[in-house]
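By letter and in written order, the chains are A, B, C and D; residue numbering begins at 1 in each of them.
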């Protein structure tokens, strides 16, 4: 990996401070008291720190080592988002007549860009998956694209993968900066910058003072090689390799088999895994009205919900949790490969971590693969 | 139209309401915006999303003739919250409309062939624009047959249309009801059974069916038994939909979304999808 | 002989009478176990029973009792039996169909507490040796005392070696050995705050809610799951928005629907991916039903739950008079 | 309502212990009344021109047993400052036992509310029969006053 720039940790803070003046910077923040980690608007974070009664260092820290509990998708695809307002207008002179006015969601004229700092490579990958869903096809999703268009992703490689990490299985890597605008690796007491996209050049060129001038690039590069090697050793594998080329076919074949009943037995059909997933994009649309005014909004939805496919007629194509889970895994490891050319799982492991009954998507996929091999033996 | 908001409906006015059956009404709509109204065109089989603001949005097939520029017609069966709100509309009221969405019947590929339409209850709605198109262009198609089924004589949608079609020489019309009742001089029996007894020849014939899921299931079985090839059978499907543009995820059958890849599928296409569509 | 082996022995003995056995099996993840569903006698070897078995397997029993025809054997910690008894007292399940296999319990560890103790750092491995707990996170090794990390319910457990109801009880040589704590201490702590502070406390907690319904779906008593009022279009009881207000409102629906029913197994809080202290809400409701109706959930299968019955004169209710 | 009509109503209603006639408070109170006793009682209070504060919004239900505690929470959620439930006296229920069930649920809720940060005093349940117009007036006046006190704090 070729090192382009180097910035010390101390200077990173100043750099972010500077970036935040003109842009909206989001970064991973940990609440030490509650042990929760999440992406937060830097401005919001500073406010929290100010409000905190205890010393801020004790309660909140910027944290880029651990994965955030939620994936950062909500920055572009919020849990609840207004689509538009509507209003019925009554004519006092002529009460029979009711006019209707629709107000498109006002475009937020943000001066700067949205910058996500400290994104894991898998999360950047996740955002690139959402880009395909919302940006491909005849009709685009303006709400997502509007926010995404003006954004930059600053990704930091994972020196330490976790036991539930499996990005390498699904074709990623802890140092994959393909989807990032700026790619960084934590080395010594700072970050080596190994990728800069054209869009992000100004973030560095306008802030040259924070970047070290005299650096021994070869020494750092050697260091990075070592880090990459040790990281690769640590990554947990539950099985040797995922037959990525074939997985779609294997999944297809599994659909009629009873294997899914077995896999799903312990599942409680909740939405925890969906809502923490960086690539799940399903949503619900609802109207709500008070008096003559109302709003149409969308909110996250999850496919393990029995209401998800329930039609008004009472017909439900997926009434059973095993059918729903089958659809969920296939959506990631089959259908979206066909639709968008990629596995819609980036191996972040969040779903495994949050599952209260230890459902493990790796295990599910492995069971399907093993089942097929057994059948052919 | 690059920056067009795909979720923002056009406002349309209800011009006329027709009560089809006790549970089904047809709404004739006119788009308010003149430019959009004049530009509007659709293909038979395409759908639209109708909103009653404050209640929600649901998908219905456009069932007026594609050549009809006066209005767009949708038929709605009362089932949930939004359909009830649509039923409660009066003429002159406003609704939201996002259309046309989805794919359509490949009517060009059907030229020079016999067509048999099999529609049950409100399942006749998706067939109506196609039937009207084909009747308007009768010279391009060979024999047209319609098998219309309903629970009782009162449950036939588009009764006046069926009557007109019956009288015209361009299409053979067979009507059947599920169980016998007085004053009914036509067929009695479930749609698939009647179809089986009709023994239509699969020779150079395309079958198009739509109706409740259970009817589609058995009708497809009968058609295969009669020797129809999978690519000569078409059906339209429904799923719960929200966005209508392939984003919200819920209307998938395998890797296909009913809202963008459908609602019209040939049986061949459906059988290629690993997830069962029934 | 360890309790695990004794349990396996017992299960092997009775497995022939069972159509399905619900138990625990090991998980690949540190500090966790898997719920296991075993149909064949040969598969019982994979069962485990240890201090990581925090899951309440009664969560599955309602659905299983509908789908499985024969007898279902289920491994339950003594406290978990209460959920089964409560379901039976509401006539939601038939006790005759269920064989409660109850090993004595020496306490279970709450992995969330351990996780929080190590500062939210991911745990890579864990080893429990007697009372000493060795935890390795990505950055360091911790030597911890197991006694500090038992599940809340263990600290006021009364039934660990004497469950009131069971079909098979297996004596555990290792007894629960922890300093008991006051059950309602955390409730009192909240109630010590001013009313505005309490409101703010819950608002802060529920600002994290993502409405995933894990709390609802894991609850052994909430059998509504797929028919929940919160998802209905008609009546439109609750907005689908995901925010603090709605999260809190949903939780109050849960509290009210579980009032006089909740057996305080703590599964909702354990299942919550956002670590919202839900069991506090449930404990308060238990405290009130105990006080008002002298009713303890999950103890008497033949006694009617408090909200399904009434008395002409309620001696514990002091009605106020505004006139 | 035009000013003159309003004044007339105010003039016509003279009786009852209402000290705060001049001060108009804007607290909003939702009242769930049972159809058989309390609603009739409130109606009787109206027809006998017993003056009542305007802060109350009455919702009529068949029985106090119909009051799902969720109604009350929802009312608070939607911005009510206080919620009042009123039904027949115990043993007088039109459906014989509806209010007995209600009493248990409502008392539970009353005990629970402070735990989620809602002042106990914002909620009350009372038994008012069809003939107790005077009692209804007192209840309403006192409840409104109580809510105003809570609000003022």
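Odds and ends about this structure:
Note that contacts are C-beta pairs under 8 Å (C-beta built on N, C-alpha and C of every residue); 3 or more make two chains touch, one makes a residue touch a chain.
Note that the structure is predicted; figures quoted are calculated from it, not measured.
Interface comparison, B-C versus A-C: the pair with the greater number of contacting C-beta pairs is A-C. Centres computed as Cα averages put chain B at a distance of 50 Å from chain C.
Mean C-alpha position of chain A lies 31 Å from that of chain C. In whole angstrom, the spacing between the mean C-alpha positions of chain A and chain D is 50. With centres set at the average Cα position, the gap from chain A to chain B is 39 Å. Contacts with at least two other chains are made by residues 56, 80-81 of chain B. Those residues of chain A in touch with two or more other chains are numbered 284, 286, 288, 301. Chains that are in contact with each other form these pairs: A-B, A-C, B-C, C-D. In the complex of the two chains, the chain D residues touching chain C come out as 68-70, 73-74, 77, 90-91, 97, 100-101, 103-105, 107-109, 111-112, 114-119, 124-127, 135, 138-139, 142-143, 146.
For chain A in complex with chain C, the touching residues are 30, 32, 34-37, 65-67, 69-70, 79-80, 160, 162-164, 238, 265-266, 268-272, 274-276, 284, 286, 288, 297, 299-302, 305-307, 352, 354, 356-358, 360, 363. On the chain A side of its complex with chain B, the touching residues are 83-84, 86, 88, 96, 98-100, 102, 104-105, 133-134, 137-143, 251-253, 255-256, 281-289, 294, 296, 298, 301, 303, 308-315, 317, 326-327, 330-331, 334-336, 338-339. Residue ranges of chain B in contact with chain A, taken from their complex: 3-9, 11, 51, 53-58, 77, 79-83, 92-94, 96, 212-213, 238-240, 242-243, 245-250, 252-255, 260, 274-276. For chain C in complex with chain B, the residues that touch the partner chain are 233-234, 236.
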